[in-house]
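Listed after this line are the structures, all set down as structure tokens.
Next come two complexes, and both contain chain A; in the first it sits with chain B, in the second with chain C.
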Partner chain A sequence: MKTTDRFSRRGYALFVLALLAAMLLCICVGSVSIPLSNTLTALWNTLWRLPMPQGVSANIIVHVRLPRVLNVALVGASLSLCGAAMQGLLRNPLADGSTLGVSSGASLGAVIALVFGITIPGTDYGGVMLMAMAFAFGSLVLILTLAYALDRSLSTNSIILIGVIFSMFVSSAMSLLISMADEHVRSIAFWTMGSLSGTNFKQAALSAAALLICGSVLLRYARELNAFAIGEDNARHIGVNVRRVKLIILIVGSVMIGVCVSIGGTISFVGLVTPHMTRMIVGPNHRKLLPASLFSGAIFLLLADLVARTVLSPVELNIGVVTSLVGAVAFVAIFYRTRKAR
Partner chain B sequence: MFRKLVSPLLVLLMACSMTTVMAEGTPITVTDMYEREITLEEPATRVVALSAADCEIICALGCEDALAGRGMYCDYPESIADVPAVQSGSETNIEEILALEPQIVIMSDMAQSEEQVKLLEDNGVKVVMTRNTDIEGAYDAIEMIGALLGRDAEAEAMVAGMRAAFEAIKANSEHAGKTVYFEVSPPEWGLYTAGTGTFMDEIAQMCGLTNAFADMEGWAFISEEQVLERNPDYIVSVSGMPDADMEIMEREGWGEVKAVVNGDVFNADADAFSRPGPRLKDAAESLYRFINDTDAQEEPAA
Partner chain C sequence: MLRAEHITVRYGEHTVVEDLSFRLEEGQWLMLVGPNGAGKSTLIEAIAQGVPYAGTFLLEGRDIRTLKAAQRARKVGVLAQKNAVGYAYSVEEVVGLGRYAHTSGFLSAGDGEGKARVEQALAATGMTKLRHASVLTLSGGELQRTFLAQVFAQNPQLLILDEPANHLDLIYQKHIFSLIRDWLRQPGRAVLSVVHDLSLAKKYGTHAVLLDKGRCVSQGETGAVLTQDNLARVYDMDVYAWMRDLLSQWR
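== the complex of A and B ==
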């Protein structure tokens, strides 16, 4: 029984290999073309802490591409895992940080922290990150309360409607902030469009820690999520503490979204698209789906970032442009399918 | 030196002829940068200017008293803070402008809509549009605003002074194949630079430098790797952040860029470099001094 229920070792190995291949590809390919041998030497020497070869290419690999690739992979993995967990929890294929408006809520928190200069002494990103998390959680609670109040079954339509309304509310709040604080306009644009350019190892370490802690919590609730998938009552009947599990998953999800937004701004649709693609490969069982979404989210965002970095080189696109393009199409396809299924 | 003396003299001569014309009360007619004709019976005494550059031009012409209102972001010279501020750009508020009862409104083509222009004109306010994309355009704006305010002579002098300063810089600069990278915003918010067709590019060329991103048209987001690869000899930060030069010098991975190795990173006055007004001269001179390591007092000899 266990072998079919769990994610097999071979399955893990395949996902890990695919992720490593994607990371390697993203380190080797970029706006500036660098000979493969130089890239690999630089990478090898970093891994084993050997002395660096001199020259521009080593700098580009080690200080520009490597931290960025790490950040992209971690943010992609986190967003995708969150999306998968939320879709399971709310039994809604369209639930995700960006469709619900949680990401925009988080970015509003980040912008407020910037405009009003809220910082935590001794940390670089503390204030922004904390505000992003708090606002992510606050918006999630607000959205769900509204949704429940309007429609207890939490149908797809009401979730989308409320997500749209909430995103509109956030964008007008942002405009208000922009007209109040002109000096921050440029940075505000960054939060709304999303970009992982200029990210560093410190940020990668932060999001790695967040993913490690929150990710392992979410993965531990895979069984409960499976129970939720059949129905909240069903979960209750088989002994799941529904309120507690819900609250924990929502808090953990908000923390992850908050961290991701404070590092890369609002990157839409990652948490929506990749769990769906993953579900097509590994099926709906959360014990497989959650870990698989983690990997596929990282791979998806890595490839999206690769496109953003190279397609118009030397000009760089915002990564949100790429993910939204893919995401919007997927969104329509999923919506269409769920409507038809009814 | 000779040139420096001659132009003010010429200007003085012209000034005399101008004032006589004015005295006769001939109406002033100017064509703005959108080919629209504006006629005034006499020099304007109540003006609202929405763009920072146009405000600077008005003040530099000695007409700060004629300013009935200024756009929100007009902050130079400091004394301008006493002039009532109005919303500008996409937030332009017509009522607010009308309440100041200006004779003319000078606006650049940032975000005002045609409807807004029409609304102002329907209320008897003359609208003058400026569109400055290069230094020649700045000259045109200065001359046009000078004419509207009855300060043709001062405007001529200002333009002549700018031309002379730029010529002097050009004459004293050699094209040694050095490159410069302008950083408009740091990597945190996405690297943003100025390509060809910007004031910064024009100023760089004047100083004998080649823009490292000359292949980009206008303003563009660029990838960090490209900056490292192009390895500029000079980096000029126009992000307007304090200590931007220090930040670049210590930036992770930039340690081998020529400009950083040689300490040739300049934290420039962002406003002077980006506003198409009289301070473009200061911008060019500051860059010239920076790359030639001359003291602040020394000017490029004509």
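== the complex of A and C ==
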């Protein structure tokens, strides 16, 4: 069986086209549908500061949908990249911020920052973001320590077991916070279910910066991730500084998840589903898998956001609800496949 | 080339290897022999810095702990006892990773020498035809040969092999052991291996360390170590009689 059919430049070109198409689709379709020509005109004229022609609703395009679409794409790309890296690092196709409980840990951090009013002076989201990142990293360390104590090979079963236990712990901590401060119930619901509605350019710039920095680091470690995906012992034998690389990838991953959660709350399963599907297309080699996962994650989340906005229109679903529905089914499918492969 | 000095490995209360010292010189093939649970694989993992240990391994006079991971891997190649891959990497990708310690960075796909080494390693282990195959579809023997090719591509000076004959059919057992013996003929090389098959140990080993419950029972040249008395003590049975009995089936 041939596995790694050449995934070439043409493949990336297709990904770029699909991403652009998905972004345009998401800008055009919504409670108010906008013709494609108007969308393009509005974007073009805004970019070059040209006057807007009659009948083009530039406001909704440029100030509502464009920032949202950018945020969705960036968060999707980040979560997907993180998932791909975690699945390689832990050599487990079910590892991901949400299955491990890292995302819910991060949202717990964000909620604690909100309820107790932890802020960083001079910033809008600094406190929430920092707490989300710190809790993401703390959760990851805690979960992996527990899982290692259970069995050193970090088998699928122990990861899932620990993830379930940790998520239960987090949800009870959330309930506790809700009963302590019920004026925050609505915002807590936001953090647990995830939504990118009403996000702005500032947030997009922030997640773009995080993605640029953290993403470059992860791409730099593509070869090491291949070694880990083959086996941690093997990685050590061929000369990978196992402890250092693992720590760097885990920290970088937590930062990315923390940023994503502080912008959009817990959006489950993106990091699980898209790397898995991408691996089926480009193969497991992280040099191709990581960049390809960026695109597929962005496209997947854009489509999920589109469904969330339109399926029960005018009521808008939380995006996390949509990704969880799709993700839960995919999770079961992957789980059964990995069990059968044993 | 390699000196082990007072190596002790403990898992909690349990001592797996106790105060073990030995030397491995250039051109030697040292066989680690002993029954299950003697501490052979643990010792190998200790050299590969995979388990914490007390004592010192000196590689060409330098404490192996002070070497960086890539520096160590350029000198020491390890074939583990168990190799399983979770994702559908191709044979070539797995073998190519053996060049990791010799190249660095995202863009350096491989030096010219590296490509040649990978080709040689694939050819030597009979894996050239299967180079594009997914490792998930390989048989146990093919997988073993894939990882052996990876170690050859790594081009170390010291080969450490934990049960290299694992999963190999007779043709490849003979082929691979001869291959390793040829590899050893180049100056500046040495082999340390765990082998359960005492006949293979006797045939190919120049030296041996006989272990029992983590302690060294005897060490020296293979013939002097694998004596009837020593083996009877460690295996608690007349090994010589058993081996002759097996052989007599072929008369």
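Here is the rule we go by: the second predicted complex is superposed on the first by the 328 of 342 C-alpha atoms of A that agree within 3 Å, B and C clash if a C-alpha of one lies under 4 Å from a C-alpha of the other, contacts with A are read in each partner's own complex, and residues count from 1 in each chain.
Heads up, the rule we're going with is that a residue touches a chain if its C-beta (ideal position, glycine included) is under 8 Å from a C-beta of that chain, and two chains touch if they have at least 3 such contacts.
Being a predicted model, the structure only gives us computed values, none of them experimental.
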Which of chain B and chain C A:P314 touches, first, second, both or neither: first
First, second, both or neither for A:S197, with chain B first and chain C second: first
Touched partner set for A:P35, first chain B, second chain C, both or neither: neither
First, second, both or neither for A:P53, with chain B first and chain C second: neither
Touch list for chain C against partner chain A, complex: 45, 48-50, 68-74, 77-78, 80, 83-90, 93-94, 97-98, 100-101, 105-106, 132-134, 136-137, 147, 150-151, 154
Residues of chain A defined as touching chain B within the complex: 30-32, 54-56, 59-60, 62-65, 179, 182, 186-187, 189-190, 195, 197-198, 200, 309, 313-318
Residue numbers on chain B that touch chain A, as the complex places them: 72-73, 91, 185-191, 213, 215-216, 220-226, 228-229, 231, 252-256
In the complex, chain A residues that touch chain C: 1-4, 88, 91-93, 219-220, 222-223, 226-227, 229-231, 233-234, 236-242, 279, 283-285, 287, 341
